[in-house]
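Alright, structures below, take your time with them.
In what follows, chain A forms one complex with chain B and a second complex with chain C.
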Partner chain A sequence: MSLTATDIRNLCLASLVFAICALLPLGDQGYWLGLGVTIAMFTALATSWALFSGPTHYISLATAAFFGVGTYVTGLGIDTLPFWSLVGLAGVIGAVLAALVGLATLRLSGVYFVIFTLGLAELVRQVITWVQNNSGQKGLYVLTDLDEAGIYWWLLGLSAAVFLTGWLIGRSRLGFALRIIGDDETVAAHSGINTARAKVLLFMVPGAVAAMTGAILAPRYVYIEPSLAFAPILSFQVVIMALLGGASRLWGPVLGVIPFTFLLEAVSSNFPNQTTLVIGVAFLVIVYLLPGGFVGLMGRINRHLNTREGA
Partner chain B sequence: MDILITGILLGGTYALIAMGLNLQYGVARIMNLANGEILVAGGYFAFIAYTATQLSPILTIFLVAPLAFALNWLIYRLMLQPLVNRAKNRGQLETDSILATFGLSFIGVGLMLSFFGGDYFSYSFMAFPVELLGNTYGANRVLSFVMAVLICGALYLWLNRSRAGLSIRAIATAPASARLVGIDVKHLSALAFALGGAVTAVGGALISTYLTLDASTGVVFTLKALIIVIMGGVGDVRGTIVAALLLGILETLVASLLDPGLTLAAAYVMFLGILLFRPQGLFGKKPT
Partner chain C sequence: MNRRPFLKLVSALTIASALAASAATAETIRIGAVAPKTGPLAGGATVTQWPSIYLWVEQVNAAGGLTVDGEQMMIELIEYDDQTNPGETIKAVQRLATQDDAHFIIAPYGTGLNLAAAPLFDRYGYPQIAVSAITDQQPELSAQFPNMFFTLGTTTALAADVVKVLTDMRDAGQMGDRVAMVNVADAFGIELATAAKPLFEEAGFELVYETSYPLGTQDLSPVIKGAAAAEPDAFVAWSYPPDTFGLTEQAMIENLDVKAFYTAVATPFPGYGARFGAAAEGVLGAGGVNPDSPAFMEYAAAHEEVTGEKPDYWASATTYASLEILAQAIEAVGLDRAAVTAHLRESTYETILGPISFDENNSNPDFWTVGQWQGGVFKGVASRGRDGTVPVILKEGWE
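For the complex of A and B:
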């Protein structure tokens, strides 16, 4: 693996940005840190989502299901295992579940995949609720000494890992194969790429990341119950943020995460009943006004400026 | 036996809803994820008409159908047609329409939440028992089933006997070739989409006579309708009906033998079976 000067510069810049972000808890422990946790969480979720959906154009709504599974891993294991091993375990379980879902649906057309993931969180929630009703246990307490700043650093580390993974995939044979699949799946299949295998492998990344995010955030909830851990709205928020920023670039989703977090924060504190409406409008804005997200918009502006200079 | 009949009664209404979605997906090529919200809106309409003016839901559907038809026609013309025009291929249209109808679905839920609140709503209409083959069932369920059968039958006849129905089936089979033989694909797609919406809304009005609904239950019905359509095969009326009845029976089985909270899991088991063994649908031919 050879690195060019630009690669090294980008890596240094990225490390610098993460180092600056890591200083946030030293400045503020209240409102801004809370917001920082939300942004770090959605950065990990949306960036890993776009790693899969950017090249394949498949819309995954499974985030909430994997996230919920992750919180339950922490909830069930916190009394017996150390926290860091639970995060790793959640990642493995998330990846295995994603592989199973992918094997069942990704061999077929994208529509089946969307429909299957649409109800996945609800399905897992029903099953867990049923198991809990039968075993007489209602919810789980997660008591740790991990504070808000600790959660923030964990999430930031996870985001950094997601960026690194995305960067490495982009340079690998798998990344190359995925770009071809994204351009034209028939061509990809004819040039000897096992398209189903590539897609399943890639889908394991957001599955693992979402489960790990859930595992990290479990201590924040303190008390875990199915309707909280498997809230389907999470999946939709991730889709909107990633597409609003633009799923075609590694750094695209962050551009959507930050403004949309602030927007939802403002809406939910001023008009708590209108969040559904805002999410609906956001979908329409993405489809009709911002196809390609902010990344696409920047590309169009650049082209426009270039043609003006040329003329 | 009891379970079987309850299941078939439920499946009848499911068939109606799935038929609506099948028209929208099979002909207009729009995977309409806001379908469930149209259903709930139909239910709200019947609820309000019944509680405010004592209007029987059986009469209400004659109001619901044209209203839903007009609304869906407008949605198709104003919002979905531009997507059809700009799409370079089938995949892009699918992604765009999925996102756009998600948006519509959330807006629908948001609007209904702000108008009616988040409470469950139900009313007591024809809630007296009737006897069928030795067991008793709610008269409202039986009536809904009969209405669903009538409407499905009428749709089936219309699709198979009329000239417009023939053109619509032609579009469902081969959209590109349909244009070559002088079929106005744009016009008929809008018509099929609107008709599908109207059928779904009527299904919602019927289902509200015996099920409790709330503003955000729509997505569950969307999901069930989607599973039925995939299982029955896109554009296949017979397959849709069989799949709907199967889902109705399976759900009733799970609800009465295991737990009513597991009905979605039952639907998923069925879905998974289809995906793994017959992705082309119950009566579909294997693609060559």
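For the complex of A and C:
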């Protein structure tokens, strides 16, 4: 693999940004760190979501399913295994689950896939509840020494890994294959690309990342309930944030995550009685005014400036 | 665009917020509250949690506020909706602690949301007098979070006292030993069923029917039909609000013939009595109060007058009592949170439930466990250390 000067500059810049972000807990242990955890969590989730859904245009609503599986991995294993191994284990389980789901559904296209992924969270939740119900109460309490700063660093590390993975995929044959699939799946198949294999491989990335995010956040929730671990709203939030930023670029989703987190924060602190209503209106505004997300908006501005210069 | 109205609006808002800010800087006690107003637990929180908070704030301020170090301080309530999402609860508590500079924060609603908030209450040193957080892990939790207090009892006590009530009925010759036990397959339902099963077996009951159903099940007729086919003497359901109503409805339709009928959470809600009317007579449920005590009657009347709603017959009064405890501790030692927490551990408080003090695990050992609808009121029939239990009556039909 050969790196151009631009690549090296981008890598250095990205490392610098992550290093600066990692200093946050030293500056503030309270409010801003709490927001930092939210931003780091959604950065990992939305960026990994866009890795798959950006090029393939398959809208996945399975984030909550993988996230919930991750929280239960920590909940069930925290008394016997060290925390770091649980995060890894959650990643493996998430990837395997994603592969199974992918094999079963990625031959479907469009709306069928969306509906299946939406149902997946409920399916997994019922399976886990069934197991718990038959084995007695287990894995409900997660008591650890991990504090907010620790959780933040874990999530930041995970986000960095997601960016690195995305960057490597973008440079690989797999990334190229996916762009072709996204443009026209029939053409891709005729060019000799194994489209099903490529899609399944890529779908494993958001699956693993969401499960790891859930595993990392379980100590923050202390008590793991199916209704809280598998809350479907999470899947929608991830989609909205990624679309607000723009799913066509690796760094797009994070541009949606940061303003959206602050927007949610402003709404829930200023409209305690109408939070859900105001969030719904914000969704509508985003979809109507920013169809391509911030990435699309920047593209439009660029084009606008270019035509002006040309004129 | 005409900018005049816009400017007017902006200046009006600026003045309003300036006024609000200056009002806040006058000597007030800032009390934070975060609980669901939307999401799955909103139904429970808007019956049990929010009205009691509003009532308490209203009453304290009407009386001129709390006396802190010889000065009268009014209460300023800062409230947030956590949408039944632990991530939002965490953010709201953080906001209350660091941005709003709340002097005290009222414990959130529900086991999951209380525990999600516990690390933050602990870090910022806020006493957390949890109400709707019933758990057997009180020793472990109070060791990990020394500021966390428990008022509503333990899972095992709740289950054990149902077994005890049924045992007494059987030993009095009122019914046989055939029990049908079902549970909602969700966290608290599973915890209760896990605790109850060995206790029933120990007490010599025969579990003739056992099943569970997923949370949100709409059609509960198979559950009641299955139970009816096993011909039980008693029917026990470790249920959540929607299925508490659903199971009762199906039992009425099937005319389930049992001597004792128990459903868990939400049975003491006023909405339960209102919906089932005379059919609710004799239904057993989790919780209870002494509805004939003057303190509760006074509270219930004020609750209805101020909020327009009736309190429930269990956690509403305990929520109010937890606020009375907080107020008494503040009046005793002032706004120093560590001193308030220390005071909570050592003192006994006079509340509408009677005296409350906390044991070595920060838990209130005196609480209601089983109640029963009798004559349109849900009365406590079993408790740990509370006065005013009434005798259990047999369930006689659904008319």
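Rule of thumb we're sticking to: the second predicted complex is superposed on the first by the 291 of 311 C-alpha atoms of A that agree within 3 Å, B and C clash if a C-alpha of one lies under 4 Å from a C-alpha of the other, contacts with A are read in each partner's own complex, and residues count from 1 in each chain.
Please note the rule applied: a residue touches a chain if its C-beta (ideal position, glycine included) is under 8 Å from a C-beta of that chain, and two chains touch if they have at least 3 such contacts.
Computed from a predicted structure; not experimentally measured.
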| item | value |
| --- | --- |
| Touched partner set for A:S248, first chain B, second chain C, both or neither | neither |
| Which superposed partner A:N273 touches (first chain B, second chain C, both, neither) | both |
| Partner chain(s) touched by A:Y221 [first = chain B, second = chain C, both, neither] | second |
| Contacts of A:N133 with chain B and chain C, given as first, second, both or neither | both |
| Which of chain B and chain C A:V111 touches, first, second, both or neither | first |
| Which of chain B and chain C A:T165 touches, first, second, both or neither | neither |
| Contacts of A:F236 with chain B and chain C, given as first, second, both or neither | first |
| Which superposed partner A:A282 touches (first chain B, second chain C, both, neither) | first |
| Partner chain in contact with A:L123 - chain B first, chain C second, else both or neither | first |
| Doubly contacted chain A residues - partners chain C and chain B | 126, 129-130, 133, 273, 276 |
| Footprint of chain A on chain B - complex, ascending | 31, 33, 79, 82-83, 91-92, 94-96, 98-100, 102-111, 113-114, 219-220, 223, 226-227, 230, 258-259, 261-262, 264-265, 267-268, 271-272, 275-276, 279 |
| Residue ranges of chain A touching chain C (in the complex, touch as defined) | 30-31, 34-35, 38, 126, 129-130, 132-133, 136-137, 140-141, 143, 147-148, 220-228, 231, 233, 265, 268-269, 272-273, 275-276 |
| Parts of chain A lying in touch with chain B, wherever the complex brings them together | 57, 59, 104-105, 108, 110-112, 114-116, 118-119, 122-123, 126-127, 129-130, 133, 232, 236, 239, 243, 273-274, 276-284, 286-288, 291 |
| Chain C - residues contacting chain A, complex | 37-38, 40, 79-81, 83-88, 90-92, 94-95, 97-99, 111-112, 114-116, 118-119, 123-124, 137, 140-141, 144, 183, 185-187, 190-191, 193-194, 212, 214-215 |
